[in-house]
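As written, the chains take the letters A, B and C, and residue 1 is the first residue of each chain.
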Amino acid sequence: MLRDAWLITRKDLRIEVRSRIALNQIAPFALLMLILFAFALDPDSGVLDRATPGLYWVAVLFSALLAIQRAFALESSDGNRDALRLSGLDPAGIYLGKVLSIATQLALLEVLLGTGVVLLYGSHGGNWLLVIATCVAATAGIAAAGTLYGVLAAGLRVRETLLPLLLLPVLAPVLIGSTRAFEAARSDTIDQGWPWVGLLAVFAVAYMVFGMFGFGPLLEES
Amino acid sequence: MEPAVHLRSAVALIGRFPALAGVDLDVERGEVVLLEGANGAGKTTLLRALAGLVPIVSGEAVVLGHDLRSDRRSVRRHIGLLGHTTMLYDELTVDDNVRFWAKAARTEPVDAEAALVALGLSGRLRHVAVARLSTGQRRRVSIATMVARRPELWLMDEPHAGLDSEARDIVDGLVRQASQSGATVIVASHERGRANALAGRVVTVAGGVSNVA
Amino acid sequence: MDTPNTKSEVESVGTGSRATRILGVATIMGLALAAYMALVSSPQDENMGDVVRILYIHVPIVTMAYVGCGLTSLGSVMYLWKKSQWWDITAAASAEVAMVFTALTLVIGMIWGRPTWGVWWVWDARLTSTAMLLLLLLGYLAVRRLQADAATRSKRSAIVGLLLFPNVIIVNRSVTWWRSIHQGTTILNTLKPKIHDQMAVTLVVAMVVVAMLFVWLVIHRWRLTWIETQLDAHELDLAIAERRAEATGPAETAP
């Protein structure tokens, strides 16, 4: 299973390197969101600065939607969804492979967004350990849940509208948790952030486990 | 030895439409069978059902010893399906694609290499992205991915379509080789002449049913 | 109940039966009784006065909404385990009714809240969680309405349904935890009346009656879906016969 997962991850990342969709389209979209937030919230009034943690994670979530859609769209060119099933690869392996590939792309996007937030909003990071732990746990959760709901929506004509409707309510706890953790990291109440990281970690593990079982059946029915 | 394929009154649905409405089919290992029939008769669905892609909702269906009614998935590692779509990753090269599919089927790199050579893809085309190939060249790559997996059952839907005559000869040669080494081949084709020469017998499909078992 | 075989037969068969008619009448009578008790015979609360009366409708409806959601998840699990169509239909029917009840909860809350407290909405834990419940249910129902064959649709809905209740719980916990940080008395926090005997009785009566209403609605929705399924199966038999007849003449095509 892990062997199959690694095969999928390498294949997906290689496709990304060749096609550069994440680099050329998703990353600019993420930065665009930061800029739009600044337009909407007036950088001078201080609201932007206070809202930064939340805005950051909202931008991550919306970028994640694009990344997840892409991860399954690349399988559909010309009947490929059949191919993934026909390959004989273990579905749990395919799931883990996709999760890892999406998580990697998200991690890079988060670094980019983090840089953007520091440069554009004049934000300061806060406790680095908490920030990094939050990002790891949240990214794992987003990728795990996203891959599961992503395969469900993939291949459907209504996928672009169905995926957000299904996934965003499910990821609401991740948004709440990661934003609170970031807020705690910038303030002097750092230890209030760690319980939220715990919540994110539990979420990620739960979805990862369920995803390994649920992905197969969802991949089957076309 | 048990037959490669055994179907009795198999019914398969596409949505609510009964694409297969009671198929009977028995194929021994090593046979080469030609499926004939008008457009829309159900040939493609039959091949996909044998590949375990389309669920059989009633009747008997056993392929290579696997009961498709209870488990459609395990048989897939042992079959190769050449369909109408190429099933390739456009952004990857010919070499990447063939090796990926070979590794997925757990065959050796040397099999992937041999497939590339056999289909004439080991030269300058090897490192070209699939998106930049012509339709006929892509078809060759598809065939190569199938060959590299060394399947026990070959399912080919219009294998000669879109290929130049050199490639068609290559395909015929590969089919003969496969059959001689014990693999079973089922071909759906409109090309009476070529396909007839390869096949041991002909099965006609019409109205989702097969007439000659 | 006879299963109909043609469209015209379907039009003349309803989803009613003796049992549901009795239940229906009992429910209506119960609602009248509960309304009387809630609005007239039960006492005002010491602190809140008449405002407390909203609880008699709010609590039962939101409770049944969560129960319905739980039933959907249970039905999904049972369908995946036993492959039983009965459970599949139950999950679907329950989700629809639960969705209506959830929307009703929010609307009642807003309509009552505006004249009473001056605001349409507060970001209180329970209200926010209920809004999230509505969205999760809408997502489930969207999957139920997918264009696909019945087996695919059922399986996909079952997987989403299975996760529905856990998701509701996770969201509920996170939102509650979050809102508990920002203490301050939210409006609904003051909605903590001391429940005297007569108020408790009224509340129990209301709960029972709303539960009956829920069951009545789910039964009818269930039967409606059942009739549709039977009709589909019959049409499939016809389609198979037509398909085989193609062998002797031109007709529809397969991919």
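As a convention for this text, contacts are C-beta pairs under 8 Å (C-beta built on N, C-alpha and C of every residue); 3 or more make two chains touch, one makes a residue touch a chain.
From a predicted model like this one, the values you see are computed outputs, not experimental measurements.
Listed by label, the chains that touch chain B and also chain C are A. The central chain here, found by comparing per-chain C-alpha centres with the mean of all protein C-alpha atoms, is A. In terms of the distance between Cα centroids, chain C is separated most widely from B.
A straight line joining the Cα centres of chain B and chain C is 48 Å long. Rounded to whole angstrom, the centroid-to-centroid distance between chain A and chain B, based on C-alpha atoms, equals 38 Å.
With centres defined as mean CA coordinates, chain C is found 31 Å away from chain A.
Residue positions 222 of chain A each touch two or more of the other chains. Among the residues of chain C, those touching two or more other chains are numbered 148, 151.
Per the touch definition, chain A reaches chain C in the complex via residues 152, 156-158, 162, 165-166, 169-170, 172-173, 176-177, 180, 199, 203, 206, 210, 214, 217-218, 221-222.
The residues of chain B lying in touch with chain A in their complex are 48, 51, 53, 72-73, 76-79, 81, 83-92, 96, 100-101, 103-105, 129.
Of all residues in chain A, only 4, 7, 11, 14-15, 18-19, 74, 77-80, 82-83, 85-89, 216, 220, 222 touch chain B in the complex they form.
Those residues of chain C that touch chain A in the shared complex are 132, 135-136, 138-139, 142-143, 146-148, 151-152, 155-156, 159-160, 163, 166-167, 170-171, 173-175, 177-178, 181. Of all the residues in chain C, the ones that touch chain B in their complex are 148-151, 232, 235-236, 239-240, 243-248, 251-255.
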